[in-house]
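Heads up, the next two complexes both have subunit A, just with different partners, subunit B and then subunit C.
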Partner chain A sequence: MQNLKKLLIVISSISVVPSLIFAQKTLSPSEVASQYQKAFYYSGKDMKALVYMQLIESGGKERVRELTMLRKNTENSEEQKYFIYFHQPADVEGMTFMVYKYPQKDDDRWLFMPALDLVKRIAANDRRSSFVGSDFTYEDVSGRDLAEDNFSIEKEEKIGGKDCYVLKSAPKNPKSADYSYKLSWIDKVTFLPLKEEYYDIRGELYKLFIAEEVKDVSGFPTVTKRKMVNVKSQHQTLVTFKDIQYNLGIDKELFTERYLKRPPSKWIK
Partner chain B sequence: MEKWYEKGVKVNRLTIFSINHPRVTIILAFLVTLIFATQFPKIKTDTDPKNMLPATSDVRVYNDQMEKTFALHKDVIVLGIVNEKGIFNSSTLEKIERITDEIFRLKGVVLQDVISFTTADNVIAENNNLTVKPLLTGIPQTPEEMEVFRKNLFENPIWVGRLISQNGKTTAIYVPLEPGANGKEIAEKIKEIVKKEKGEEKYYVAGDPVARDTFGAEMFKQMALFSPLAGMIMMVALFLMFGNIPLVFSILAVAMMSVVWSMGLLIGLGFPVHIMSSMIPVFLMAISTDSIHIFNEFYFRFNEIKDKKRAVMDTINSVGAPVRYTALATAVGFGVLAIGGIIPVRVFGLFVAFGTMVIRLMSFTFLPAVMMLIKEDKLLKTSQRDSLEKGASVWLGKLGRFATGRPKLLLSVGFIFLVLAIVGITQIRVNNNMVKWFKEKSEVREADKIMNANLGGTSLGYLVAHANSEEAMKEPENLKYLEAVQKDLGNVELVGKTTSLADLVKRINRVMNQDNPPYEKIPEDKKVIAQYLFMFGMAAKPSTLDNLVDYPYQQANLMVQLKTWDAQAMQKVIDRVADYQKSHPNGNLKFKPAGIAYFNLVWNNEVLFDMVKMFGLALVLVFLILSFNFRSFKWGLVSYFPLIFTILLIYGVIGFIGKDFDMPISVLSTLSLGMAVDFAIHFVKRFKQRLAEENDLQKALIWTVERPGKGILRNAFLFSLAFSVMIFASLTPYITVGIFIAFLMTVSAFLTLIYLPAFIILFQKFLMPQKETT
Partner chain C sequence: MKQFWLISALGFVIAFNPATAQELSWHGFLQTNYSLRTTGLTPNSNQSDFLWADQRLQLKLSTSEGEARAFTKVDLFQDALESKADLEIREAFLDYRLGDFDFRAGRQIITWGLGDLLFVNDLFPKDWEAFFSGRPIEYLKIGVDAIKSTFSSSVFSLELAILPFFQPDNIPTSEKFFLYDPLASISNRTEEKPASKFENFEQALRLYHTFSSFEVTIYAYRGFYRSPSVKPDSLPTQIIYHYPKLSVYGSSLQKNLYNGIFSLEYGFYDSREDRAGDNPIIPNSFHKFMAGYQRQGWKDFNYSFQFYGEYMSDYSNYEKSLAIGFPKQDRFRQLLTVRATQFLKYQTLKFSWFTFFSPSDNDYYLLPEVQYKISDKLWMALGGNIFGGERKTTFLGQFDKNDNTYLTLRYEF
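This part shows the complex of A and B:
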């Protein structure tokens, strides 16, 4: 079984390589950006994962969030739906959170609080706000509209033996992002970001993303361990994705207010 | 062999060398000075009062730990924005937005944690939606939108008093600084930013880092201005007294050399120049004037015997002993600080002691060498005026006759003053307030005043509630207890505002319940609280929550804003909470103070009490030195009196006029000891010498008042004059130093000249049992 998996990985990588050798010379910066977005945020038609987040403050104390994340893409659209079920912390167990993501306008978000047996719509004005208190913003978790940034390729560099494009993204409207620019080291093979550096308005590095583990899951290269460090405050967030599955055929029905309150157990375990 | 040597006079070999080779001596002295001066470019300064205590001190360790736990910043600059017509208009709001954006660009600012209308999170209910977003997202264009903004702002208790004044005319931008950033420099840049804005708004820059770093910068300027100024005035006065330029310069040279040697050594050894050590030059200049006694005597002697070399020898022989002992007493008075607990105080004490020893060395080498080089004819002319029949000596003689004639009357008057002084001392208020180190009309103080009048208060203290177990801060009863403590603290005068997790939970509860005011309370269910806080954390800036509660929900931060930088205000807060805990016991929560307001309280107390403790020790040591010097406890006791009397009088006056007994005053205590003891030593030593030559007690006393007394008065006068220029300084501690020294010298000189003769007459049997009474 293990051997078969390895073989599959080898075959799938080999199959991509020729197209890449060819692509290397022709890909424009915005094409790289678009490939990166597809690989990082849109793999498969849908996805399910058990996500384990550790929020670590500068003194070393930890908060833990454990959640099941379900994502469904909309066909022929960049819209996505997210369904999140919280297992930890213990006193919020059963809380659910749903996001309809629209690239060109504000998200719709709903939250179910079991202690009050209440679904509340949460207005989301700012995708730059922190995702459940972590160092990731909503935008870091679900992506940013490509049309909002200017892209350029700064250089090409190896990271951990992998050839990468170093893509620079700078917001067209400076007020639309916290960073004045971002550098992404994008694997030429998988188009996944292996490292990202966020620079503030003064040009100082303030946030650092590192993909610590990349695995192939059902043919989709997936970042299974990632880290985001706020280099200024020394706060960091470690995220591990487990039990990742793609193309399960998640029902559209699940992404409704009704299921927020009573999610079917097969989707959340 | 010279005559004086044959007479068996004891003169140090070093002095003999100096007299025989004056030029070599002077050149050597300057060369050594030059070596010390080469260290000056290495100067490092440290104006942060935090470093008064070592980084390992309990209060600093705990403060650092709490800052980490609650993601707080040590240093925060507050920019106050006032519009007398109210800030609720689009033009003012646009300015706030623009200024905030500009502040983001400043290096050294923690831009993620700048708090302003455009960054501070607010939880509001909007069309039955829950919204967490900054207070100001887009400038309101219509009166309706403006009203919504105003309503949302005033309904959030977390920000009222912090970001908006009750009357709606004042707002603020809180600018946290990265560690090591210079508060004054960033404050200057913020001032440049607001200068670009036109309109009726007024801007005020306040906060601890501004006061601290402005003080630091100002301190060096003041020292650079007033030390030379004091030196120049001393020079002019010396010239008028002695009429001989080389003499005048040599006294100043001794002062400068001791300053260069000790500061050079301090810098060379790698110590930073601190608030305390910046005062070393002034202190050394003060101490160096002791060498006047040498010139004073030299002039008298030369006028009598007209032989320069002989006069120098005789002078050193007669003044040598008192100069040695005054130097020793002064050095011990400061040196004793070296065994205290506060490092900058120890450094200060040690290097002043070192400088004092340098002065002593110069008195026996450099000064005799200079005297040898002065041309005799010039000396003859100017020293003519220094005979006992002339000038101040005449009325000093009268003073001596009065003091020896009416000892009992003087004693009674002294007793009355003593009682008054003690009454005054009981009135002394121990306090410290760094903002008050600036003058009333200064920018720093003005800004602080305006901010405190309108917002919750610029001085920030923390009361950290510690629970026994994790998750405890989600318990309704604990949050209710926090709420109750806050309410109780509201009764403390000068507490402008308190903020805690309880405020946030109440606010969310209200918003979750259709913004219904009765729901502004702590919910009864722990799970509800936990889910509220989780929900809030899903949308808000993490720091908003982190500032109030730690990660395991075991510690909560109750922020207390004080409307004054008085260290004692924080003490009142701590006492109040302790009282409340006594009357309303709660086994779960323990409160521990932290924050800059608490730190100010601790370091002030530590420095102050360390000083007072060492001062006490110095008093004992100086008494022992006096007794040893006179080989008699009785004489030690008598000569001790003017010293104690002077100190009591000064502190009595401080008590009566209501001046806070603060750090600068406590530092000056040691100086008062070192200086006041000099006069007594000179007086008693010279009197005893005289008595050995002349058997009439009263005559000997009057002679002492006339002749060494003139030296004492010259010394006191010179001092007072030089230091009185500091009254014009822009920082109040220097003004205090100026007034204090002038007062101290004058009082202790007169007390010495009046009370020592009176005492000696009165207690002659006790002091000199072997002598016949006159």
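This part shows the complex of A and C:
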């Protein structure tokens, strides 16, 4: 009996090991895309970070955006809720912004302007609009529906000693994105994008994403420093995530008008 | 009064002792704001071409401890037209959160309803003079001294505001603006405001729920008109401005539709001192509604349309009782608005355009503006207020000679 058990274990481990190798080798392009999306946009059940953005013009002139971002995933769904509190610059200090993200339809967005005591619902049908005036679009910040793109793996390459898939994403409807295609260097271990190149309709590179620092935060590999460069204008945005926390148990009540108007200080500090 | 506020502000800082409280946050701005009438005409011969000219320092102080928060926003300004300096308490309130309840007591700005520069269920005071003379948009709203309680639950939220001190709208006067005044020859004018008595406390109620992308709200207001009615004596040699009793019952709805946001709002204005509609010096009851649609057209470009209507009750009584020589108002006044906003250069440059057009009154009001953010702290805006219309007796048409251009320069900290 004991021997049989041992034998079974041996057999199963033999069968498991090759299947793992096999699995890695045969991840389909859309599986890679799906893993990438999970790792980049969905880590943990919820997340909090202090986001520091530097918007730098080609001449070196710099603008700053500082905000606290809270994100909560919806169980068994790709829907997410975002809560953003602006610290800087002074003209938006105290403003809050809330997004209910739905991958298959337009997001719901609300902006609260304390000077007018106004909760304003914001049209969100164009996800290519710039996020707070940076080189990142809304779509870059919260992700894009996987069903909107066709995926293929162009090649495999090393970046900074890390094995990567080079995933090509091309929008099924060319009007749904600024890029005609995008190449993403996706770390085979963490599935985080280490570099992304955006190509326009003429096939010219116009935007470049670089993950400058990746850290393990509570077991979740996280891009803690990232950069988006507009290759043509040389305008760039550097983003640093600080004080990152996962699985804090953010209550879903936070994502309501009540807290949009008066966010609890423990969540925005 | 000013001393009282200064002492209060000081008390506020001391009460929230830095040793125990979380930090005191300081923000504000320094601003210059000029508005120049471009028609070359002035309503009074000795008047300047400037409609507005001021320098102001705004200080915003806030601190919180546990569930409590204190906030004050004070403007110190120097009015270049009147050559005087003054202090204005824009807001000063205390917040307290207790379970499902939020309380706010003190001077505060309250905004309700869905209209963009059209107000159906927002019965809180507004400064139209500021708006028409190109002051920044936040100066359209006037703070009210009120106690506001909000109950929030997952099923619905309920907000009740009690306003013990009546605060009228600040509307343009003939001293500064060209406007239609059928009793212009009478200069003896006084104002009768509702006294701060218990029976006059204004009440505003809002019941709302958000079903994900679908928002429904019910409103009720009991108080007074914020624009005065004119009560001439029999001769007439004297005019008394007064504020008749008003109740408003309304509702609104907002949802995503056709890649944009659709808004609908309705309010019944119950003119409690003229329910029959036969008193010529008090407005009749009205049905007011607004339908709006906004969406993004392309990258960093938004646009919106609104249709607004005011339908008068008891129109035949209005017609019968209308004084001879006074212009007759249509039964159904309509207004269309269009807004378009384009951001450029990483949202540092903003072009915006807003149009009011009334097909019933045949008048219009155009508001073009360019705003440029020179840096994170410094911005400037250049814009205009352009009025016109077929007649000088309609709401927008009367401002025809007040076209103005304004410049705002603000340093925020």
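Methods note: the second predicted complex is superposed on the first by the 246 of 269 C-alpha atoms of A that agree within 3 Å, B and C clash if a C-alpha of one lies under 4 Å from a C-alpha of the other, contacts with A are read in each partner's own complex, and residues count from 1 in each chain.
Rule of thumb we're sticking to: contacts are C-beta pairs under 8 Å (C-beta built on N, C-alpha and C of every residue); 3 or more make two chains touch, one makes a residue touch a chain.
Note that the structure is a prediction, hence the values are computed from the model and not measured.
A.B. asks: Both complexes share subunit A, so when I overlay them there, do subunit B and subunit C fit or clash?
C.D. replies: On the shared subunit A, the partners clash.
A.B. asks: Applying the document's definition of touch, where does A:Lys232 land relative to subunit B and subunit C: first, second, both, or neither?
C.D. replies: A:Lys232: touches subunit B, not subunit C.
A.B. asks: Should A:Ile201 be classified as contacting the first partner (subunit B), the second (subunit C), both, or neither?
C.D. replies: first
A.B. asks: For A:Met95 in the superposed arrangement: first (subunit B), second (subunit C), both or neither?
C.D. replies: first
A.B. asks: In the superposed arrangement, which partner chain does A:Arg63 touch: subunit B (first), subunit C (second), both, or neither?
C.D. replies: Once the two structures are laid over each other on A, A:Arg63 reaches both partners.
A.B. asks: Figure out whether A:Leu116 sits in contact with subunit B (first) or subunit C (second), or with both, or with neither.
C.D. replies: both
A.B. asks: Mind working out whether A:Ala147 is in touch with subunit B, subunit C, both or neither, as first, second, both or neither?
C.D. replies: Neither subunit B nor subunit C is touched by A:Ala147.
A.B. asks: Per the contact definition in the header, classify A:Ser265: touching subunit B only (first), subunit C only (second), both, or neither.
C.D. replies: second
A.B. asks: Based on the superposition described at the top, state which of 99-107, 207-215, 333-341 or 387-395 belonging to subunit C clashes with subunit B.
C.D. replies: 333-341
A.B. asks: Enumerate the residues of subunit A that count as touching subunit B in its complex and touching subunit C in the other.
C.D. replies: Comparing the two interfaces on subunit A, one with subunit B and one with subunit C, the shared residues are 55, 61, 63, 89, 91, 115-116, 118, 121-126, 129-130, 132-133, 235.
A.B. asks: Could you list, by residue number, the parts of subunit A that touch subunit C in their complex?
C.D. replies: 55, 61, 63-64, 88-91, 93-94, 100, 105-106, 108, 115-118, 121-126, 128-130, 132-135, 178, 235, 253, 256-258, 262, 265, 269
A.B. asks: For subunit B, which residues are in contact with subunit A within the complex?
C.D. replies: Residues 65, 68-69, 71, 104-107, 110-112, 126, 128-134, 137, 178, 471, 474, 512, 525-528, 530-532, 534-535, 537-542, 545-546, 550-552.
A.B. asks: Where on subunit C is subunit A touching in the complex?
C.D. replies: For subunit C paired with subunit A, touching residues are 22, 27, 29, 64, 69, 95, 97, 102, 108-111, 137-138, 140-141, 150, 152, 154, 157, 208, 210, 212-213, 215, 254, 256, 259-261, 294-300, 302, 343, 346-348, 375-377, 379, 410, 412-413.
A.B. asks: Going by the contact rule set out above, which residues of subunit A touch subunit B in the complex?
C.D. replies: 55, 57-59, 61-63, 86, 89, 91-92, 95, 97, 111, 113-116, 118, 120-126, 129-133, 200-202, 206, 230, 232-233, 235
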